[in-house]
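Have a look at the structure below, then the notes.
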Amino acid sequence: SGGGGEGGGGGDDDVAITMLPKNLGNPYFEASTAGAQEAAGELGVAVDEVGPDAASPDAQVPFINTAAQQGVSALVVSANDPTAIGDALEEARSAGTKVVTFDSDTEPQFRDLFVNQASAEGIADKQLELIAEQIGGAGEIAILSASANATNQNAWIALMEEKLASDYPDIELVETVYGDDDDQTSFDKTAALLQSHPDLKGIVSPTTVGIAAAARYVSTSEYKGKVAVTGLGTPNQMREYVEDGTVEAFALWNPTDLGYLATQAAAALVAGDITGAEGDTFEAGRLGEYTVGADGEVLLGEPFVYDASNIADFDF
Amino acid sequence: MPNAAPMLRLEGVAKSFGPVAALRSGTLVVRPGSIHALVGENGAGKSTLVKIVGGVHRRDAGVVELDGTPVDFGGPAEAKAAGVAVIHQEPASFPDLTVTENIYLGREPLRRFRRIDRRAMRDGARELFRSLGVDLDPDRPAEGLSIADQQIVEIAKAISLDARVLVMDEPTAALSAVEVRRLFTVARGLRDAGRAVVFISHRLDEVADLCDTVTVMRDGAHVSTDAVADVTPDELVRRMVGRDVAELYPKVPSTPGEVALRVEGLESTGTFHDVSFEVRAGEIVGLAGLVGAGRSEIARAVFGVDRYDAGRVVVGGRVLTPGDPAAAIAAGLALVPEDRRLQGLVVESSVARNVSSVALRRRRAVLLPGAEAELARDWAGRLAVKAGALDADATTMSGGNQQKVVLAKWLATHPKVLIVDEPTRGIDVGTKAEVHRLLSGLAAQGLAVLMISSELSEVLGMADRVLVVREGRIVAELDRAAATPEAVMRAATPGASAVAEGGAA
Amino acid sequence: MSLLRRREAGIALALLLVIGVTTVVQPGFLFSAGGWRDLLLTPAILVVLAVGQAVVVITRNVDLSVGSVLGLTAYLTGRLFIDAPDLPLVVVALAAVAAGTLLGLVNGAIVAFARVPALVITLGTLYVYRGVTLTWAGSDRIDAGDMPRAFLRLGTQQVLGVPVLTIVAAVVLAAVAHYLHTSRGGRQLYAIGSDPAAAALAGLPVRRRLLGAFALGGALAGLAGVMFAARYGTVSSGAGTGMELQVVGAVVVGGVAIFGGSGTVAGAALGAMLLLTINRALPVVGIPDFWQRAVVGALIIGAIALDRVLATRRSRRLAAARDADPPGGTTAVGPAAPGPDHDRTRTEEATA
Amino acid sequence: MRSHARPWWQRALLTREMLTVAILVVAWVVASATVRGFDGPLTITYLVLDIAPVLLVALPMTLIVATGEIDLSVASVVGLSSVTFGLLYQAGLGLWAALAASVLLGAVCGAVNGALVAYAGLPSLAVTIGSLALYRGLAVGLLGTTAVTGFPDSWTDGATANLSESPWPVVTLGLLALAAVFAVLLHATPFGRNVLDIGRSSEAARFSGVDVRRTLLILFVLSGAVSALAGVYYTLRYGSARGDNATGLELQVVAAVLLGGVSIFGGRGALHGVVAGVLLIGVLGSALRLEGVTVNVINIVIGTALVVSVVAPRIAGGVRVRRRASTSPRDGSAVAQRS
């Protein structure tokens, strides 16, 4: 696609936005990019998706550099590392590019705006609620996360650990393992978890790849129905397991909306409607008006719970 | 029989490798029931001709006929299928396979469902070895076979093909006398069965002994073909070399100086024991013995490429650190090893780099362009090395020239002591004489030379003193006068019967 | 041979040891339906890959593109289920295997005909095949829902307590092992790996054999792709990334000489099982997640070192044998040796 | 006797290395002409910053491959040194102290590989696949989920700042210097000659008094040390020390080295070719990204380039192929040994 080239052509008259997810081949980001395209259509701006095949910061940097070279109007990025891509982002900004992070943030000074899918607390609480009710409020649980350095996952896990200590005395978090957002690794880690903790009651996986792999393993093992699996997942990936009863319920915001909102925000920045300062407000198409919160955060909303009753209504 | 229709006929066959014209016009007519000798200097093109017959190379021009029908083999397999068996100059066995598998590879006897019939295969191998009169374990891997044994396996393989035409490229180079005789018996058997046999060797005595017809090649072209009875060996040599060979052993008597190399009680379990000797400046000391006696191992240990368990080596008063060739070289020691293609040269490197590889690299911290060529031109000149250019790969040279490059490489280091192991193995008479003249010349200039050779006549012809090695021990020291063939062989061979048999031979 | 067998016995022993120790720590590792199943099931895919890789390595080559081939064929499998829902499972599987064979043939053809090192070529095709998958799949991925239940069930189904995939792997192993040991072609693969130049000189159909080896490797990678889809139920464009090193590691641990000519597919299979079983055992015995790779690495090195020790012993034994009762070459030398020397002297005097 | 079979210009230009150089030049020209934004100053800056680690590691790798060996553990050493550097910084060490310590550790990692390959005589491909896992395991083990960040700008500037107003990053100087050192080492010193000889016939080298084992050990130590240096650069450039830094770099490096015309069998190779190979990969990547081409196509292009760069000369010099093939079996095998 020569889209980038066109973008490079005139960052001034027609607005070009580059969408840079953690990595390609991830349905979650496929959905968010779809949202971005939707917004782009409405706003009449060009959106290009680029990205590495592996979710590592050093692989992300060249794409940021390229965006800077092309002088695109805005860069919408989900950070693989809070600091590692910082310099690259700063350079892009000094070249006049607006930077919006979504889904996974960098340190605030590196971007203009962070479009947050849901407050970290909200996400942590929701997942604990789900697992608690699924295992009857007591027993051993484990966490299957993404990569060991994933900013948002680590933030949520930290919060969950606090909450567990304070509000769920009977639930014990026995281990946290990392599936690197890779199907196979996550799958094998799940097997290992169940192997090494025979009394495990539930698995929380705050990442769409992880929860699907965990559900897949449990659904085909004798743990099905005995070990609860929940966390953050996309309906299409989880439908199978919700229908066969492996998974009772899981949470997620709508990634399409997230991409949509991020793009709207980026456009607003480019248009100069907002600067990213606290209190700025902007009109985000079908999602209505949003207000920029403390250190440049825009909050999409609370996570949404999917279960057998409603999963049929979604397709992403 | 000699006037029967030819079984194998080559006419004006040519083959070039890039710039090198290996074979200009090879002509060879071999009749059934005949053993046909093919002789020529190193680089005359013998092996190339053989490789064309064997389907290894494709000819550029000329005709090859088998039983009167023209053939053009696309590969060794086709040649085999057509009934041509070739024993190549370099034995090529598969170290990881057993001796038996090596012999029958690709032609294994099969049972039902095309499964290999291992028993039949093993029995076949046993039978072959019996006919060759050697006892090799058919089930042992080829790994670690001595050169001689590898050659035996090659021969067994060729015979098992039961081919109409059998070509042997210097099969006897590494064989012991007994094996040579058994091989000859087999060859005669094939001849009497009406097969055609081609035999390549630098040993004219063997040619006289075995063959009925002899073809001489020079510079890639056919020179002459006669009945062996009709030509004298020296006539053959004259045709091979194209000129009269100077005195083969131009030994200039020299007056030994002080001790240059002293070896004291060298010991290496399983290979050699309590080896002690001296070599003085200006003298040539011969190390005689049967193949496999351990002479090369002694040489390698002295030079430091092999470690030894006890004893010490002293060069020019300096005791050498064991297993450290660099130290040996620094002390003024040089070794021209047994296998020039594998040990003597980096054949993929240019003549210039090979010649300068030791001398220059020890002296310079930085190598400026041209420095190597300079040194190489000097020495290549002195030794009359024939090569296209100084930056030509050593691969493209014939055996003799490669050996000269090895010598140049070591002489360039101005050694005090020079050890040469089989300096003329597989080298033609002409080059041989040059090498000998060179060695005695160097000795006359005060170089201490230790010469290992399996050619008794060479040792006797060149050495001031002869040390005889038997089963890894020095069993005799004979000065030039006392060193008669009988005396040396008596010392070299276990069992007194040796001499009697030897005389009979 | 006997020594090679001992080599495999060594790995098998190590495997049993690992299982034993882990089971003591955590009985469920072996004595639970799931434990038993995973013990057999987890290595199945890597075993199939290792068998294919072993055949290639035995010919003194290597195929680094297997991970990418697996990814491509796994995705193809899923795609077929989506785009041609009424194709029978067998056809889909065969299609994937065929695709794998084709990709293997491409490697083989370049290596055999252009006479270029396999390491370079397959490193190149590693990138190319992966790129093709990424282009084709984009962000799209195959979810469990997209594949027929019957197919997914194969991923975990058991017959008499043995998982289907394990049976598949076992059959593959047996077939290839039998071919290598008892057929002419099989022995020629060893010969080619043992000394390629000599193989050419001996007139072996080197090119055909190499093509065959790479094709087989590709076919098995394709089969592994199908197994991958069935087992993991989700296929993204990144499936099988980085697997090549794991496979080569398994083969090496299994005692297949990286320089070709020796080793058995059984060894390679055992190597694969050992690696993955250790992987699963480490967390059970309480090695924290992060340190596990380090242990695996140390294990690989250890295995190679062991190989070396055994190999050295072997050649020492052979050398000893040669000296003890020197065979053909060196035996009968004694009595008659003077013969030719006399003759030779005569000739050369004549020449003078 | 003539010292050369061909005139100097043929020897200089008709080489495998020059093929890569030529492709690089063409790629650069075409890109500048057709790709929007490629001729901008940023291109150079980013190009240098991106290829720096690959180039660094490629330098010693060239010599190792030239001996017929290979070191696949380099990327893991980069990761491990990045982690060590980070931890030492946390521990309060100064820049140079931390750097020295990391490089030293890298040298030790290399020494372990070297000892196993040279003195235990194990195949380097297998050994370094093992140590690849081992060193990476240590790296992630040491840091776990955390990443060390917040290095002072005075440190990071060294890795990212430009030379005054020029588009050239400071590191360019270091890269040039190091490249020059390795070029001299390989092409103009006895050590370099010995390295090539070992690649062609280590047996013959040994008989010429070359200490093959020591040479190999030195090379692996160099490889480890330079990889560690790359690790430090990596850490400072991204301002973040992580266990998974530079994962997969080893294949990029090997690809670049082979693209640069070094024979995987050993015995042949030149540094200018390798530098060109590294640059070529960098230029292709940056040009294609500017064109909005996604990573998958970039992979395809680089992979194809690698294959073609090896196959093309073979087909061109078919004569040479046949000649090499027909040299004596013993040598043939000696060469093929290292395939």
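As written, the chains take the letters A, B, C and D, and residue 1 is the first residue of each chain.
In this text, a residue touches a chain if its C-beta (ideal position, glycine included) is under 8 Å from a C-beta of that chain, and two chains touch if they have at least 3 such contacts.
Just so we're on the same page, UniProt names per chain: B = Rhamnose transport system ATP-binding protein; C = Autoinducer 2 import system permease protein LsrC; D = Autoinducer 2 import system permease protein LsrD.
Computed from a predicted structure; not experimentally measured.
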item: Chain pair, most C-beta pairs within the contact cut-off; value: B-C
item: CA centroid of chain B to CA centroid of chain C, Å; value: 41
item: Centre-of-Cα separation between chain B and chain A, whole angstrom; value: 74
item: Computed distance of Cα centres, chain D from chain C, in Å; value: 28
item: Rounded Å distance, chain B centre to chain D centre (Cα mean); value: 43
item: Per-residue overlap in chain D, given as positions that touch at least 2 other chains; value: 140, 144, 243, 248, 294-296, 299, 329, 331
item: Residue list for chain C, restricted to those that touch at least two other chains; value: 130, 134, 195, 197-198, 200-201, 237, 290
item: Contacts with two or more other chains, residues of chain B listed in rising order; value: 56, 88, 92
item: Every chain pair in contact, whichever chains are involved; value: A-C, A-D, B-C, B-D, C-D
item: Contact footprint of chain B on chain C as seen in their complex; value: 182-184, 187-188, 190-191, 193-195, 197-205, 261-262, 315, 318-323, 326-352
item: Of all residues in chain B, those that touch chain D in their complex; value: 17-19, 51, 56-57, 88-90, 92, 305, 324-326, 328-329, 335, 337, 341-349, 352-353, 357-358, 360-362, 364-368, 370, 373, 376-377, 380-381, 385, 387-392, 395, 409
item: Residue ranges of chain A in contact with chain C within the complex; value: 23-27, 29-30, 33, 53-54, 148, 175, 177-178, 182-184, 187-189, 191-196, 198, 212-213, 216, 220-223, 236-237, 239-241
item: Chain B-facing residues of chain D, complex; value: 1-5, 11, 184, 188-190, 193-194, 196-197, 200-201, 203-211, 267, 319-320, 323, 326-331, 334-335
item: Chain C to chain D touching residues, read off their complex; value: 60-62, 110, 114-121, 123-128, 130-135, 195-198, 200-201, 237, 242, 245, 248-249, 252, 257-259, 288, 290-301, 304-305, 308
